[in-house]
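To start, the structure under review is shown below, and the notes come after it.
Should a chain be cited, it is by its letter among A, B, C, D, E and F, assigned in written order, with residues numbered from 1 in that chain.
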Amino acid sequence: MKMIMAIVQPNKLNRIKKLLFENNINRFIVDDCFGHSDEDSIIETYRGVEMELDLKHKIRIQIAVNDDYVDRAVNAILQGGKSGKIGDGKIFVYPIERCYRIATGEEGETSIGD
Amino acid sequence: MNEFEVLQHNLNTVWTCLAAFMVFFMQAGFALVEMGLTRAKNAINIIMKNLMDFSIGSVLFFFIGAGLMFGESNGFFGTNGFFLSGVTGNDWSYTFVLFQTVFAATAATIVSGAMAERTIFTSYLIYSIFITGIIYPISGSWAWGSLANGSGWLEHLSTGAFIDFAGSTVVHSLGGWLALAGAMTIGPRKGKYTPKGKARAIPGHNIPYAALGVFILWLSWFGFNAGSTTLGDGSIGRIAFITNLSAVMGSITAMIYSWVMYKKPDVTMSLNGALAGLVGITAGCANVDWLGALLIGSVSGILVTYSVVFIDTKLKIDDPVGAISVHGVCGAWGTIAVGLFGAEKALGLAEANTGLFYGGGINQLLSQFIGVASFMAWGLLTGFILFKTVKKFVGLRVTPDEEYIGLDIEEHGLEAYQLTK
Amino acid sequence: MNEFEVLQHNLNTVWTCLAAFMVFFMQAGFALVEMGLTRAKNAINIIMKNLMDFSIGSVLFFFIGAGLMFGESNGFFGTNGFFLSGVTGNDWSYTFVLFQTVFAATAATIVSGAMAERTIFTSYLIYSIFITGIIYPISGSWAWGSLANGSGWLEHLSTGAFIDFAGSTVVHSLGGWLALAGAMTIGPRKGKYTPKGKARAIPGHNIPYAALGVFILWLSWFGFNAGSTTLGDGSIGRIAFITNLSAVMGSITAMIYSWVMYKKPDVTMSLNGALAGLVGITAGCANVDWLGALLIGSVSGILVTYSVVFIDTKLKIDDPVGAISVHGVCGAWGTIAVGLFGAEKALGLAEANTGLFYGGGINQLLSQFIGVASFMAWGLLTGFILFKTVKKFVGLRVTPDEEYIGLDIEEHGLEAYQLTK
Amino acid sequence: MNEFEVLQHNLNTVWTCLAAFMVFFMQAGFALVEMGLTRAKNAINIIMKNLMDFSIGSVLFFFIGAGLMFGESNGFFGTNGFFLSGVTGNDWSYTFVLFQTVFAATAATIVSGAMAERTIFTSYLIYSIFITGIIYPISGSWAWGSLANGSGWLEHLSTGAFIDFAGSTVVHSLGGWLALAGAMTIGPRKGKYTPKGKARAIPGHNIPYAALGVFILWLSWFGFNAGSTTLGDGSIGRIAFITNLSAVMGSITAMIYSWVMYKKPDVTMSLNGALAGLVGITAGCANVDWLGALLIGSVSGILVTYSVVFIDTKLKIDDPVGAISVHGVCGAWGTIAVGLFGAEKALGLAEANTGLFYGGGINQLLSQFIGVASFMAWGLLTGFILFKTVKKFVGLRVTPDEEYIGLDIEEHGLEAYQLTK
Amino acid sequence: MKMIMAIVQPNKLNRIKKLLFENNINRFIVDDCFGHSDEDSIIETYRGVEMELDLKHKIRIQIAVNDDYVDRAVNAILQGGKSGKIGDGKIFVYPIERCYRIATGEEGETSIGD
Amino acid sequence: MKMIMAIVQPNKLNRIKKLLFENNINRFIVDDCFGHSDEDSIIETYRGVEMELDLKHKIRIQIAVNDDYVDRAVNAILQGGKSGKIGDGKIFVYPIERCYRIATGEEGETSIGD
């Protein structure tokens, strides 16, 4: 079992969601985060004093999948999240050892999705 | 009183009461501006300060301040009319005192903004009491005592009476100088300056609040200025018109100036500009013509923007909402401007114009300078004494940890927002 | 009418209209207070309730309520003047009915606060209709019928007419008792009490809204109280002054009391204190002197704080905004207080004072008790009948799931905030 | 003037000034509604637009617009009274011009809503200048010129003078048609329609702001309509009453209609419904009776809901706040309705009723159609010329990147909220 | 050492916290996230246009524990988070290699808790 | 490749950012979370009823790095986040198996940073 964590542009979320559904991946979580990379920082002036807005709003997606679903999920995100420009984001994959479904208490591969 | 007089008196009461209600609403406006331009973690503290300085101030002004300000004067302050003794049994007096009370509350509230995000609540209450109960009414009596039973020395200058129709100096710039003394005594917020002394931006947490606050203040200001006639007659339309003209010019020039200097039209500066235009015209709203208003407002908008940056980055005095610039600097400018643009004759109000540029010579300008200088001296003097004393005996500033966590939790045990629950 | 009378009549119209506009603005104030003190997930529902109880209430009061309240009375309620028949063709009547309408809407809105976060929207609309259309105007006719064509039994007590100048009881405490019946019938919010019955805190989601709401209500209250003269004459300044004094004392004593009892100056209690002072003085704002106002307000501030905690933790009735305490308890107190502090002679309004402490004997106090008790009985009686009936036939409470997810999504299909998009 | 006249004149001044202050407050209301119904990332831009269109508009209207609108007319527009030449030296004129100015600012503000979230700030300023300085006053002179020194052709139709008492058409529907031209020229926001042209919902970010804005607008509207008498006499109570009745009906029918059509009582539609009722009654508030008001408001509430959805999903014109429907469509409807429900005789205002349904024949209805059509033609014509020209020479729309990041950062260098700091 | 990440219903947080404390697990972090699964999406209408609210508000809990604490922590969450209905959430367990306490700089098993 | 997740005090963020940049670590994400540990809970009274504020506002930083960057990153955080008091926070390091750059689609060590 793997966890996929992706950092993407907020305006790509809907496209990625659609592609995930099409690939039969229906379980994930999403939240807001703020990222720094080589994207230009914005320098603004507040009441005459400079300030640097160096953290850009991004969306973080987390998907736990069985091993055979990893590629599909990654591809869906790669495809849906791409504009080809710096700032498009990253995907990270890391192992998980156990998974439980709280509603039933069941453990293991079947608990991750349907 | 004959029947006409009774009717006019009734009309005056209606008008003055409504103006007082509008000025009362300034408390909401000030609270919103101050909250909007500071951080979320101190919003409740700001609410409490505004609620309490009005509440405590009302009581104090009713009982003590009104006497000091409008009682028969010993030359320096009023000496009778305390504990509402001048009020009871006379309907007009209630109206008059109510109107004056909401003015008095304004002065203390101005200080609140400049010292926001780091002042001990108890200390705030203490110095508020002194400002509304003593400092404000004493100097107020110098310029406005004769509105009731007093007689102030600034009303009898040999160069002619000091003119401050609705309080650019009596209310606003006094508040501004007290704020200056306060902000200097308490020092800047943690993190406001780098170790090397470079100013850092600490953006306000809710600009829509600040904007709503400015619109509420603007609305209230019509009551503040036009209501200061305490007469429901034809002049109020002119005063309101002149007031509005200065306000709009203030916001326009502040926007343009910030655009030119800092590359983008700055919202908080434009909002400050409108307030600066309002503060600036308050002294002369009944005495200048539209050209005067246009110029007073335009200069106010630029002055406030320049002054905010200067005080922040050069003087390194941390004034989160720009109170010193808006009220102190622009209040002084507007008051002096009456000596430049006084157009009483042109307006059909008097035999002659008093403004230097309107053929009135230098005298009025001198009177204005004397007035402005004496309020500035009084504000700074009493301000430093007050704040240093409070600092010594009670402490002025919360601990660094409290400042970091925020006054809302530390002083009032609650957070302002629970948006995700 | 001679020319003087025409002019005074015009002035009265201007004054009463402006007061009515201000009282209308209370709807915004109530909505903000209620939203601020509850959770974000129910904010839209609160908006809808406030918008709709005013809207539906206006229509109903125009067509039915005004007749029940101000038509010729059969002793218990008015019997003519329905469908605006008493209004058309008479300019003053429009003004009067408009002013009374905005009052009527207040009573229903008070209930909304106590039953917030768990009531079915349809049921809310239904009971609002009965409150504004029937319950409020009937009891209103007892005390205020003679303002127009009616004649209420409370105006003809042998101990002297019941005095409730602007509605501490007629409007506020009636609303409070209805709220009590409603909150008891519907039960506490999920999670408000532990299984063992210990009260849990459910903090409001936006304290700045609550504060802005209180400032708006305070402003509006000047219209509520001073406008109840429906006369633009000298007395309005006094009434406004007295009103303000009570409000500021309420906020001061509530702050101090909460500070002493709960260790920190509590912002929501201080805000409630100001409202309590306003509710308390509403009955006597034209009849008490400044000392009376000072005491009425001071007691209100303490009473409301004590009462909120008592109702919450001892009676275990869940009233998210403190409506029962602010309007019911302090409304009753303020009304009774007129029997203690009535100072008509001292104010030059009548031959003799009516207050017990002002030498007026016990009679007025008895009248006040009778009035307060009859409104309480009426409010609780009709309230329980109304809410139990609605509960039986339509249901009063949303499902636990709906309550958990929030009424905004469940009842109105939208969330109040989308702050990160 | 004799003493009575002086007093009445003073009363008129007080009344008109207060009404003007209330109308000024509309700027806050519009800003809140527009902010509430759009996304957080554009809130500051909306504040700047509202602040600046009022500021720049005030100056322009003072100096140019007032002359074009109220100077002696060449049949098409006023030709003198520029640069306040008609104002100085006459107190009433100041009051009158102030009142008219706050009206003029409204027209530009309406457009702002329909073009929100995608317009270049500079371009906004440019077209605002033309709207308040030229487009609005010229057409305004046609219907209202004779309020001062002008004389408009719509006041001299052979079918009888066009009636638009407080500006359903002169102000609101003109604004609405300009908004239509603007929204069409600039095109929909990114993401508003799917590639296949299906409308997508872009929910507003702060519904409580929208609600507070509507309450503020409602309050202000009492000044807008009843203040348009510029006379403090008995009629203002009736006008306010009629205004309120239409507003409440608008919100009720909009709620019901949205409930039936979309399954849940929709908050933003109900709020729009109240505004629609207010816009609708503005033309006839002095001329229709309560039945007329009831019907005008009821139809407005349904019309606005239908129209919002139709324009959005069928015409595919993206109007984030529904300005075209509220102001354009309902303004036109309300103006035409005066030809149906004009009840001057029933109200004791004239010899005969003018409404078709009130026995007045078809003539007034024709006049109303002519008026509505000419404002519509003028608004669309000048609107398209203006927006196409600005588009060509300055550009109208920000880049897709700027639109995506938000105008607050891109145009003004600041975010509206910093809630977690 | 393991990291336990759980996605749970917001109204279960207090119960879970209580159970964790009872099991002597006193260190964790909590934040808001938005999840999609088989739970029904809500279709709402905004101004006459349909919109799908397919992301439900959830609470994410993260707990780093030494290996012998894993079962206790998982059980506490399973018990406290359960209502038996779809939407109750998931628990994921994955390995961590190193842990540091910032206040002291210490590394390793002792740094994770007391 | 490793993922570093740190929980730190909000007022230390700027210092940590500066140290990361100095160590040539320019890519990371940041968001808000709420943590519980041995730090004292605050007991407050809301309208006369006690409530416990036992979740403190913290900042979570996540940095994905190649193995040779781990120590630098950890040290930067240890140094920048330290005040020596309880509540300073924790750093966790765990393995990641794959990394993708969305803009280019490239996978592996080069995709993680420059």
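To be clear about the criterion, a contact is a pair of C-beta atoms (placed from the backbone, for glycine too) under 8 Å apart; a residue touches a chain by one contact, two chains touch by 3 or more.
It should be emphasised that the depicted structure is a prediction, and the values quoted were computed from it without experimental measurement.
Compared on C-beta pairs in contact, E-F and C-F come out with E-F as the pair having more. Counting the residue numbers that touch the partner chain, chain B and chain D have less than half of them in common. Checking A-D, C-F or C-E against A-B, more than half of the residue-numbered contact pairs recur only at C-F.
Separation between the centroids of chain C and chain D, computed from CA atoms only, is 34 Å. Chain B and chain F have CA centres that are 45 Å apart.
The distance from the centre of chain B to the centre of chain E, each centre being the mean of the chain's C-alpha atoms, comes to 52 Å.
Of all residues in chain F, those that touch two or more other chains are 31-32, 44-46, 94-95.
The set of chain C residues that touch two or more partner chains comprises 7, 11, 14, 18, 203, 206, 262-264, 266, 268, 413-414, 417, 419-421. Touching chain D in their complex are the following residues of chain A: 11, 42, 44-46, 53. On the side of chain A, the complex with chain E involves touching residues 3, 17, 26-31, 62, 64, 94-105, 111-112, 114. Residue ranges on chain A touching chain F, taken from their complex, read 2, 6-8, 31-38, 54-55, 58, 60, 74, 77-78, 81-95.
Note for the complex: chain D touches chain B at residues 3, 7, 9-11, 13-14, 16-18, 20-21, 24-25, 27-28, 31-32, 35, 43-44, 47-48, 50-52, 54-56, 58-59, 62, 84, 87-89, 91-92, 94-98, 101, 121, 206, 209, 411-421. Contact residues on chain D toward chain A in their complex (touch as defined above): 191, 404, 409, 413-414.
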